[in-house]
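In the two assemblies presented below, subunit A is common to both, partnered first by subunit B and then by subunit C.
And now, the complex of A and B:
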């Protein structure tokens, strides 16, 4: 298992490297001279040129790219923001907690609603409750989250005046955004839970559990749910990634000072280093969540765990003839 | 109800509502079982054996299944009238079931030990520790080392899994064990072991057994009584000796003549040319007439009644009377030399032949 996790970490390196090269290239090719944007239209040509040289942006593409990667790998240096002159890492770390909080709260909301209604509508298939929830879920998955965010702001802030529309100055500001994002992804989780649960309920081992005399609620919670969760976990992991990235839009709608808004703002300003660092950071977070999901899998499903164990063991045994012989004797 | 009777099914009718129509899975079935008795329920795939068993357990999947009517008397009460709560007390404690496919009937994400202990804890007030100890004991009883308590189903072979399923079923020492084709999904070499296990445990625990199978060899090994089902109906019922040595019903006779030998009984039964009728569209009259080589016009009129051809030997065929009219005829026509000697049909000489019926049947066949 540990070996597997280590391998997954190593596999993240090429992925992240790819992300760096990709984002770097796009930002490099984006028209607009960053020094000109920073200094404004009235600045002199010399001043612009001087700033460019100072930041090293006049050097050839390949030199800049290798320099950038080298600095990250060797010194953990992501460069400095054009606009503020602050280290990029510092800016990101300031903003990331907001994004993480938004994503975590949203995932919590989506899990609570998605799982609950998924289970309920699966166990009461074709009931009115099932039909209502599935219709809502269909509505939910078909609505873009930023649009839902705008509508929710109009309703709860402008019309009803219950909640603030934007900003982050206390808990009230943290109700609408996670609810909008969370309910949106709850729709996918609910649909997945429902279909997975319907599949599991028909399995023979559920009948075995009933044949033992187990109560219906325990049959569902103890036997069906854990099996039904296996595909749901994948969806939750994907949703978490989407929430991390999707927060870019929602943070803008609700004016939350998160990483997403930092990236959007920096794109407008051609603040290359911040955009690159920010995207890289999101990619890292996404990969880590994916890894976490895979590890979680093996806790839910023992079959997956033993797969890792078997492959780990086999590799060890190939060069070791004595062990091999012992095993053969044992299996005989 | 008779003191010694453990289970008495009366006129049980179960149907499935499907998009293609109403499936008449079990039709007006009556059966009874004494304490400690083993009954073999035999029939082709689709005859309604599993549905009957699920009916007894009150586990017919609904939808699409509906128990249309009948009674299932068990220890003084009608199982079909019990509350859900009381029925749960019967399941697993009084009546247990072993399902056909051990590969799918265990929960893949729960250790086998827990799955056995769960059964114990539902019905008995035991601490977790005590229940686990009991599970270890039961595991060893079915021939699995207790150390494997914490292993998951996928770590066991098919035969071992079926032992686990049997352990779950027997953990609370039920009065009645229903084994639904417990060996069909297993390798030949394992089949005998599992059958022996069931037979021995049944004896030890003094429980009754309904052994569902399409394999007459299995029945001969473990059962005292045999019931043969066809298209949801019981068509012949009697002691092992009645069914094996005094086979009456044309379908049963066909079943026996299809067995190549008593040990090499791997193949599914496809005894008589033709297929079992579609239970959505059962033929009028005797459901067997399209395949019966002795059918007459009369057979198509009404469902034949069960007739007691010998004491406690019941047959559902209009051309059978107390004398077992078809017997000789059937033997001469159906027996071939490759059939195993141990299955011999009656050669009683005191058979009265009703010549008018004989002529009628020969003319039509």
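And now, the complex of A and C:
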């Protein structure tokens, strides 16, 4: 198991290196002289030129790139903000907890609603409840999250007056944003849970479980759900990426001081270093979540784990055959 | 065995009504009421977008300070915005941008992703490795974030928005097409084409690509919904289509300071986005069922 995690971790490194090169190159092409941005429009040409040389922005692209990568890998240094002169990493770490909280709460919301309604509509296929939830899910998938945020603000802050419209000063401010963002991806998770459950429920082992007199709730939760979860976990991983993208919009709608707003604000100020640092940080978070999802896979689906253990040297002789037999039986 | 027999019987029954694969697919799609309704909605929207100048009641940029912030009335069916511009006319003109960006960015992604996917699947080995690892890099950045990064790097404008959204979609098509090519490559008719001396380009373009159209069409319909969402999101953040050009997302960004006092300004552009995406999603699901009946549960 550790070997599997280690291998997946090592495979992540070249991808992340590629992401750094890609994002750096894109941002390098951005118009605007960094020294001019730092000093403002009134600075003299000489001062701009001097700062450009001092900070090393006049060096060739390739030198700057290797320097940037070296600083990140060796010292975790993402450079300095053009605007504030602060280390980019410090600014990111100040803002990241907000984004992380929004993402975690939203994932929780989407899992609770998505799984519950997915199971309900699968076990009562073609009932009114099923039809209502599936239509709502399709509406939810089609609704832009930022618009849903605006509508929720109108309803709950303006008309009903229950919740504050924007900002982050207490728990009341943390109800609408995760709900809006989470319900959006709950729709996708619900659709996936439903179709995956429907497939599993028709399998022979579910009939066996019922035949041996197992209670219906145990059949659904223990026998069906565990098998149906495998494709759902993939969707949850993908949804996390969409959530990170969506959090940029939702932070902007509800004025939450998160990483997304930092990136958008820095784009407006042409602060290239902060933008590329923030994007890299979010990409790193996304890759880590996907790694976690892959590891989670092997816990939910023991077949994956055993498949990997087969290649381990110590277990090669006897269990190999056992596993093969098991696999053959399953495929039959 | 009995299952395959009944499948074959069903297939022959369908074939009576049509002459081939596409006719059969169309026959199956026609039976799906939701998909047909969605198709009608989309065709209607395309017609409205083309005839925008004719059908919109006012010019989209006509300002009238006396009529600002009006709620829906017989004069202005969906009300007016902060400059007194007719919201209905702006939504009608905005559909041009949304449909254009949605369509063009998907075409861009299909051409680039298709080319990369086909090369990757057909040549395998080193080419495959290089192309698919670069796609992994693009996939490591969440789509919306990638589009934002690309849009931020270039000057805002229609073409750059199309490219930004298109590039973010490229890896999806590269993967879909690669896996289709891999399945088709091993079949006998490809071997036959090779044996009579057809060139690689000819085999890819004339024999392989036409045979993986079905997943591309399904993905493109759903992808167009995603692209329309993305352009609205980018414009909402101020990185996409710039005012005064009417665009659904930028219309929403524009109303934010008046949100609580004049909610109607935010309601209708969002509804327009939602209806379009809803229709594309239902059509995409219907197309998937029609083009690949095995997947239907």
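Observations on the model:
Here is the rule we go by: the second predicted complex is superposed on the first by the 309 of 332 C-alpha atoms of A that agree within 3 Å, B and C clash if a C-alpha of one lies under 4 Å from a C-alpha of the other, contacts with A are read in each partner's own complex, and residues count from 1 in each chain.
We adopt the following convention: a contact is a pair of C-beta atoms (placed from the backbone, for glycine too) under 8 Å apart; a residue touches a chain by one contact, two chains touch by 3 or more.
Computed from a predicted structure; not experimentally measured.
Partners subunit B and subunit C, once the complexes are superposed on subunit A, both fit on it without clashing.
Of the two partner chains, subunit B is the only one touched by A:209; subunit C is not. Superposing both complexes on chain A places the Cα centres of subunit B and subunit C at an angle of 80° as seen from the Cα centre of subunit A, in steps of 10. Contacts of A:124 after superposition on the shared chain: neither subunit B nor subunit C is touched. In the superposed model, A:252 lies in contact with subunit C only, and not with subunit B. When both complexes are overlaid on chain A, the residue A:165 reaches subunit C alone and has no touch with subunit B. Touching more residues of subunit A than its counterpart among subunit B and subunit C is C.
By the touch criterion defined above, A:263 reaches subunit C but does not reach subunit B.
In the superposition on chain A, A:223 contacts subunit B only, with no contact to subunit C.
Per the superposed model, the minimal spacing between any CA atom of subunit B and any CA atom of subunit C is 9 Å.
When the two complexes are laid over each other on chain A, subunit A has no residue in contact with both subunit B and subunit C. Chain contact summary for the complex, subunit B toward subunit A: residues 57, 59, 88-93, 96-97, 99, 101, 104-110, 115, 118-119, 122-123, 152, 154-155, 165, 168-169.
Contact residues on subunit C toward subunit A in their complex (touch as defined above): 133-134, 136-138, 140-145, 148-150, 152-155, 225, 229, 232-233, 236-239, 249, 252, 256, 259-260, 263, 266-267, 269-270, 273-274, 277-278, 281-282, 297. Of all residues in subunit A, only 203-205, 207-215, 222-223, 226-227, 300-303, 306 touch subunit B in the complex they form.
Subunit A makes touch with subunit C in their complex at residues 14-16, 18-19, 22-23, 26-27, 29-31, 138-139, 141-144, 146-147, 150-151, 153-154, 157-158, 165, 195, 198-199, 241-242, 244-246, 248-249, 252, 263-264, 267-268, 275, 279, 282-283, 286-287.
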